[in-house]
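Below, chain A partners chain B and then partners chain C, in two separate complexes.
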Partner chain A sequence: MDERFAPVPPEAEESLPPPGTLVGQGLRALLRRYPIWPVVAFFGKKRVPEHRDTGWYALGGIAMLFFAIQVVTGILLMVYYRPSQPWQSVQRIVTEVPYGALIRSVHHWSANLMALALFVHLFSTFFMKAYRPPRELTWLTGLGLFGLVLFFSFSGYLLPWDDLSFFATRVGIAEMEKAPLLGPWMADLLRGGADVTVDTIGRFYVFHVTVLPLLVIALLGVHLLFIQLQGVSEPDHFAALPGEKKRYRSFFGEFLVGEIPIWLFLWGVVLALAAMLPRGLALEADVTAAAPVGIKPEWYFLAPYQALKLFPGRLELVGMAMMGLAAGSLLVVPFIDRATPSDARGRLVAWLGAAGLVGLIVMTVWGLLS
Partner chain B sequence: MSADDKSARPANVAVPVPDRRERRRFLGALGGLAAVWAGASLYPVYRFLSPQPAPDPFGKEGRAVVEKISPAEVAQNGMGKNGGYAGRGVIVFRNESGELKAFDSKCTHAGCNVQFQGAKLFCNCHGGTYDQTGKNIAGPPPRPLTELRVFEDQGLLFVARLAGPGKG
Partner chain C sequence: MNYPVWNVPILGSGLVVAIIAIIHILISHLAVGGGAFLAVAEWWASRQADPERIRAFLRKFVTYFLVYTTVFGATTGVGIWFSIQLANPEATSLLIHQFVFAWATEWVTFIGELTVLYFYYYGWHTNSRRMQLVLAILYFVIAWFSLFIINGILTFMLTPGGWTLENRDIVAGFFNPGYWPALFIRTLVMLTLAGLFGFVVATRVDDDLKERIIGFAARFVVPAALLMPLFAAWYWFSLPVETHTMWHNGIVGVAGGRLEAITRYSWLAAITGGLIVIGTLIIAWKPRATTTTAAIALLATAQLSMLGGEFFREMARKPFVIRGVLYSNGLWKAPSKAPVALDQPYFESTRWEPDHATPGSAAHGEWIYRLQCASCHTLDGYRSLAARTAQWTPGFGDRFLQNLNQQGVMPPFQGNSQDRAALVAYLISLHGKPVAAAEVEATLAKEAKP
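Take a look at the complex of A and B:
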């Protein structure tokens, strides 16, 4: 045996294809040079508990599918998008570039479905109480990712520079500006001035295509590493089962393969939505014109939008404080509800969460209909 | 005696013992220097990203020309229109007593441009409503609109600050 090479571990010998095959030979040659079998074994031990709520475990992967679609279509759109001629370049993508309208619409619909998948992921992990110790940081990194995705949506919304973009951004930053202390400073820094101008596009473009992707990839890596290290959370009804009754699926084997048909179906849904309901392009932003009649934000911002209309004048700060409190309470949930199996306090938190979810849906529908 | 013994340190010379406090002080000083270094490097970055002060919309003359509204479009009582000045929105109209009025159209609530709708000025974003004096009368706006002085000069409309210089 040449001592420049490491031996192939016996566990690896069991799992690798036979050494006679080309793949088996290649993988062994690789392992002798780079002894990464402990890393492979580390990822291989991830398993998914099987019970009546197993389906909810697919949501994180579904959100990642949409994120992957966003990365690919986003890179494609960057080929033709020009931040110095924002509206004209998007118009060119939509009217002249072959399949440009389709790729832009896929980017739009996949963004919407990613936000939807993340809402469901957030609330399903909430009601399965996956945030309890020792998984506090997994929950917090997830909330951080959710915030980054909302910022992604907000920054991408400005880039086409149509009427909707302009007023949505003006309103969004104007609300940020009302936040005490750092509000005005942050608003000016984001806008690049006292008002939304082409300077704002430069800033939002940089956020949208470099800063936010890097942050999401880094934080997502940490989020997934935490799950890999601690294993998938088990709800109380599963954890209470005797050991021999617990059934698991290997994550990188059965579970992921089981997700492939779901992903293929969802990719079909995205394509169908993009083809049948293409994303429109309104008139180029006119900073002097009145806001268009019937202007409304995307569905995931409808709840705060409705709240903005409900709290007149000086009461607005009260409304903002209430929304901030509701969002902030998600941050402290893992430090309040800690008992496994769940106790009276845990049940109260679940009811409060349900009330919050109902409130969110009511405000969203109200905003949609108003 | 072996060769090793010759190179050994004589017993009466003190071996310098690394002093932990001195080491900590040195590392602290190094950290402080690095912080100063980082601060000095980040200041230009901060200034680079900070917005430039916006120019006065009314310029040296204290007035700005109104775009997209001609004097003829506000010639009679009740006539009015949305237009622009210096990259902002403006509403100019002639009220029922024949007075020419102008308001910066930026809603005091969340910054959308409000729309001239005759008797009222209405914001399509969140339903803010103002009367013809610019007063907020319904919806979420906390303050009246900013009124501007408006006047005609050589066939063009101009706006200026309510209290300020500017021919008119």
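Take a look at the complex of A and C:
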């Protein structure tokens, strides 16, 4: 035995293809040089409980699929986008660059579907009570990722600098400015001044293409590592089963492979949406003009926007406080609802969550219709 | 000219036809391919050690298949007839009159198909295995023959070939340049769908049988998918040169990304086609990991692929509903059929004159929109006119209408300057500030003076 090489562990010998095959030989050669079998075994032990709600486990992976599409199409768009000539460069992308309009539409639709997938992921993990101890930090990193993605959407929305994006951003930041204490400071920080200008583009662009991607990738790594370390959460009805009745699928060998056709389909859906409903480009933002009538934020910001309308004038602060409370309650829920299996408090939290979800949907639909 | 029009807000009548048709196309192709699947599987079962287990699977397959194809196939099929005659009576009438015998044959094959399928299904326990095999083969042959017929009429609309309004040579029209490649492509699509449907049903049986059935079903998908690019290329070269030009223009997003629909749909069809191959290989590699949801997702991907392909075919015909003969909005290309020069007062040439549409009124513009634009456009939904005319001025709008068919994707405008002014006023008024036709005419008159 040559001492320069590490031995292949016996467990690896069992799992690898036979040494006679090209792949088997190649993998053994790699393992002798880089003894990473413990890492492989660490990932290989991840398993997914099989029960009637298993389908919901797919949502995180689906959100990651859309994120991957965003990274690829975003890089392609960066090739032609110029923050110094925002509207002109996007116009060039959609009218001169081969397939530029298609890539931009895919980026647009994939962003929307990513936000949708994350909403569903958030609520499905909420109702399956995956946030309970010991998974508090997985839940909090997930919420952090959700916030980052919303900021991603907000910052990307401004970049084309057309009438729609300019006025929606101006309205959005103006709302933020009304918040007490940090509101004005944060609004100025985002805008780079008292109003939305080309300097705002610079800031949003930097956030959108460097700061946020780095943060998301780092936080996502932590989020996934936590799940890997603790295993996939099991809902009460599954955890209560006797050991021999619990069925699992290996995550990488079965679950993930089984998900691939669904990802392929969703990639097809993004393409179909981009083909049927391409993203348009409105006229270049006219910063001196009055806001066009009926301007409103994208659907994922509609619920708070619509809810705030219920609190006119000085009551707006009350509305903001209530929304802050609602968002804050998501942060503290793992520390309030801790019992496994669920007790009376846990059931109350679930009902409150259901009320919150209904409220969110009602406000969003109301916002879309009004 | 169209009759009193079918006004469908947001979607538009064309998209309604498309939505019904796209579902019908998935089912009808599956109905034929499923026949081949049944016949081959009957034969395969007889050569296995456990034919009864495989037949139990087949029984499951044919139960889903029968309900799915007959209920949804028949309702959407009738739905197509119902919607196309409302959306485009002129073209429907021409197709019926030209292909009377073909339609009659089509309906006979439809009844034959159903009869044989019922014999197969309800004779499951009483017929001999040999009889079942014969019935399955017979079902496939009859069903495929219905494709043989309908394919002639469908391809005729895009490439009428030697057929003209004068010679009415229905053989030349039926076996037109697009006929054979389209027939092969559709046959391959059918086999693919049968395999994908087989995956779905296979996920409902025990693991070891599931593995074998998925392996069997994959043999329907992979060869068909590999042959597809070949026949797609043949089909591409049978298309008129105008279609090729339109496709190439679509690579860059002319007019703010609105005119390149044909290019986008071709990529949708091609990429989703590739996704189906990848998905099939993965399912065949790890059959036990395949869930029903995953198998349905792949079948739904095929639906997206067919959406891309069929929309491509529809876009390729632009601006005609029957290429070179009849425009999408019911205007005949040959003046022999409608011997009215295009710049006469429009309502003199329509079959039905809205009596309240007095010249220059808002109703005048609206009725021109309904009769000439609404077969493809809606006001503010699919292919929205409000969005397309957002930046119109009276002068630009008037020139645009005068050159409407220059880009090759729209029919010429029918009507005189007064009609144009009425339509321009109507379209500009969509943006919140009402403009009268008289104002448009005044602006144009002012611009005309140097």
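In this text, the second predicted complex is superposed on the first by the 370 of 370 C-alpha atoms of A that agree within 3 Å, B and C clash if a C-alpha of one lies under 4 Å from a C-alpha of the other, contacts with A are read in each partner's own complex, and residues count from 1 in each chain.
In this text, a contact is a pair of C-beta atoms (placed from the backbone, for glycine too) under 8 Å apart; a residue touches a chain by one contact, two chains touch by 3 or more.
All values derive from a computational prediction rather than experimental measurement.
When the two complexes are overlaid on their common chain A, residue A:323 makes contact with neither chain B nor chain C.
Residue contacts after overlaying the shared chain place A:307 against neither chain B nor chain C. Residue contacts after overlaying the shared chain place A:258 against chain C, while chain B stays out of touching range. When the shared chain is aligned, chain B comes close enough to touch A:192, but chain C does not. After overlaying the two complexes on the shared chain, residue contacts for A:211 are found with neither chain B nor chain C. By the touch criterion defined above, A:40 reaches neither chain B nor chain C.
When the two structures are aligned on the shared chain, A:150 is found in touch with neither chain B nor chain C. By the touch criterion defined above, A:280 lies against chain C but remains apart from chain B after alignment on the C-alpha atoms of chain A.
Once both structures are placed on chain A, chain A residues 293 are touched by chain B and, in the other complex, by chain C. Chain B makes touch with chain A in their complex at residues 49-52, 54, 67-68, 82-85, 87-90, 105, 109-116, 123-127, 136, 139-142.
Against chain C, in their complex, chain A makes its touches with residues 55, 94-102, 104-105, 249, 253-255, 257-262, 264-265, 267-269, 271-272, 274-275, 278-283, 293. Residues 167, 170-171, 173-175, 188-189, 191-195, 197, 199, 286-295, 305, 308-309, 311-314, 316 of chain A touch chain B in their complex.
In the complex of the two chains, the chain C residues touching chain A come out as 251-258, 260-261, 263-265, 267-268, 271-272, 275-276, 278-279, 282-283, 285-286, 288-291, 293-295, 297-298, 300-301, 304-305, 307-308, 311, 387, 390-391, 432.
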